[in-house]
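For reference, the structures are reproduced in the following blocks.
Two complexes, one shared chain (chain A), two partners (chain B, chain C).
Let's look at the complex of A and B:
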């Protein structure tokens, strides 16, 4: 049984795509960039040493799960959420929701999603997808990263939903519960932008926001000492490209999607300054893409000497400078 | 994948496209992955690392994350990373590791190699290449037993 009228749509990012999909199915005409922007999805964080990571890494979006909670606050939509200790109960509840024709989003460990080739799969507990039905014991999965719906056997879905470790999903599922009669988009957009500016400019944590970018620029010079050998370093440097472009960001580490949000927000709020800023952010995004390309190139050529890493560091620092100016202008434009 | 781009009318919007890195750098990625597996396999068969370490490094997990995911005390995991300490692992612990690595438990005591492009390659990474032999390891109702089916691909 596949849920009636459920339309699978590809999206740039799994969490914003999943939420957009549930809202669209419920009858709310909203785009992924609007969901992302209102939920203050844009972010930056650098993690130099964390026990859960093998190597230093960075993030370009806010905390997983926060898009949903921010959106609930700002649009007054309600999602019903569930988490479980008992996998049997967790799977039974999902089946019951599907029987009631309710498309249900699930948080899973991407590693067990065996509709993805094995070499692409990594352990990451914060992948979101929509379970859109069940046929002959297999779950019908609407994963925003794939052009078509996929099938997944129950055991793999259960392993993914109940994986342990950092940010373990604990069987977490949610579905749309209630849409408000009216939405004040003006207020929601303003709040979303203000919070994003706070995250980028003022959050009092040295490895987050613009401060995080500068830390990344400094610390990338130390990356060789964390690597097993040149091939490992090459792999990690090339991952910069993956994290910015391929890992569901819509390009340039979400900068292009946020620019799209600002363009749509300009029309909805009647604030032309946001349109100008959206163009500026597109250009800033081009700079991030240059970083992606540069990282991929030096990684592939194993050209990873101190001079190249210094060049990379300067490029990241440059992004920190332009984004600091950008978010200050954005903050001013919205106040 | 979806990229947000500027359209002809000046509006920004989504466009379905392929991955630049997949198109241009996939071979390099697979080359590094094969090399890493070969290097780890060599350390494994010469008794320098345990199967737990082999898979942990191959799938890019940190020691702490492996312990948390398997639900095994860090001191035990540390012991199991060493080939001698690995012999103390219980079947129950091996089952927990195999769930994290998403492999049949039997593969913690063997490396399945298939002849591919002239050389033998580990089944664990074989899916990335178009080999002529398919190895299907189906789980059974008994978590300790796997049915391994080897057949020629047509």
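Let's look at the complex of A and C:
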């Protein structure tokens, strides 16, 4: 059976899309950008040398799971979460929830989601989707990246839920447990924006926020020493494009989604300055997209002339400058 | 919603070919409804070409295709790009 009245919708990002779906099903009329913004999803972090990464990398959103926990605090909604050591118990619990007509979000390794064409599937242990029913032994999946509801056999879902490796899902599932009678959106939006500004401007960690962008701009010049050869270096530079555009970011490393949030927030809070800032962030996002394109061209053409990394560094530094000004203005507009 | 004009479709083909420096194909040989990515279209494009096209559309028509899911649908074929531009020009949402 498919859970009654569950509506599948595509979304820009798997985690914010999944949370939005559960909230919508529970009766809360909220958009994905609003979920993302209230949860302070926008972020930046650069990791030059970390045990978990074989090559320097960066992130453009807060860590997986944090959108849900931030949203719980700011909207007073409650999600019930479960994780498991035993796959059998993990699948039984999921089945029991579905029998109770509860759409349930699951963390999976995207690679095992075989309703997606094989060339699009990669091993990512932090993909989120909604299991919205079970029919003739197959699970009904609402995946924000897939245009319609899909079917997945139990073994593939189990493999995805209990995949090993970095950030392994451990069978993690969650569902909506409680919605408050009333939500103070003004307060939630204000808190979400203030926290995002803190993360971007003031977090006292040298590789996070705007400081992280500047570090990225400096350290990208050192990337050749991490690479085996030109082929490897080109491939790693091309990943900048993938991280900004291709991994459910809503475009330009989540900047476009956050701009949409600010536009909606302007109307809900009656603060027109947020609408102006939304337009500004769209322009900033265009600059990130230029970086994507620049990186993708380097990757495709294996074009690593002497000035390319310097140009890339300058482009990133420029984003740091404009985002620093932007978040200072945003901080002022919301205070 | 008016159907996109043949002129617009030809203009899009020329824009794509100029953007991607494709010189060995006649725009008239590109089928309006065949997939631009994979398939047996005269143009066989990849994901890097996709972002080039998205940005060329933005620069030329002032229409931003922000979301990747939407982008995948919009740039699926010449016809879908033309329909999107026509729709956005009539009723801008971005």
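What to note about this one:
Going forward, the second predicted complex is superposed on the first by the 334 of 335 C-alpha atoms of A that agree within 3 Å, B and C clash if a C-alpha of one lies under 4 Å from a C-alpha of the other, contacts with A are read in each partner's own complex, and residues count from 1 in each chain.
We adopt the following convention: contacts are C-beta pairs under 8 Å (C-beta built on N, C-alpha and C of every residue); 3 or more make two chains touch, one makes a residue touch a chain.
Because the structure is predicted, anything quoted here is derived from the model rather than measured.
Look at chain A after the overlay: chain B and chain C clash there.
In the superposition on chain A, A:1 makes contact with neither chain B nor chain C. Once the two complexes are overlaid on the shared chain, A:221 sits clear of chain B and of chain C alike. Of the two partner chains, neither chain B nor chain C is touched by A:205.
Once the two complexes are laid over each other on the shared chain, residue contacts for A:286 go to chain C alone; chain B is not touched.
Of the two partner chains placed by superposition, only chain B is touched by A:123; chain C is not.
Touched residues of chain A were counted for both chain B and chain C, and B has more of them.
Within chain A, the residues touched by chain B in the first complex and by chain C in the second are 10-12, 145, 238, 241, 245-246, 248, 250-251, 256-257, 260, 282, 296, 299-300. Partner chain A is touched in their complex by these residues of chain B: 1-6, 11-14, 16, 19-22, 24-25, 28-30, 32-33, 35-36, 59-62, 64-65, 68-71, 99-100, 102, 124-125, 127-128, 139.
Interface residues of chain A, counted against chain C in their complex, comprise 10-12, 145, 238, 241, 245-246, 248-252, 256-257, 260, 282, 285-286, 289-290, 292-293, 296-297, 299-300.
The touching residues of chain C, counted against chain A in their complex, run 46-48, 51-52, 54-55, 58, 64-69, 71. Chain contact summary for the complex, chain A toward chain B: residues 10-12, 32-33, 51-54, 111-112, 117-119, 122-123, 144-145, 147, 155, 159, 163-166, 231-232, 234-235, 238, 241-242, 245-246, 248, 250-251, 256-257, 259-260, 263, 278, 282, 296, 299-300.
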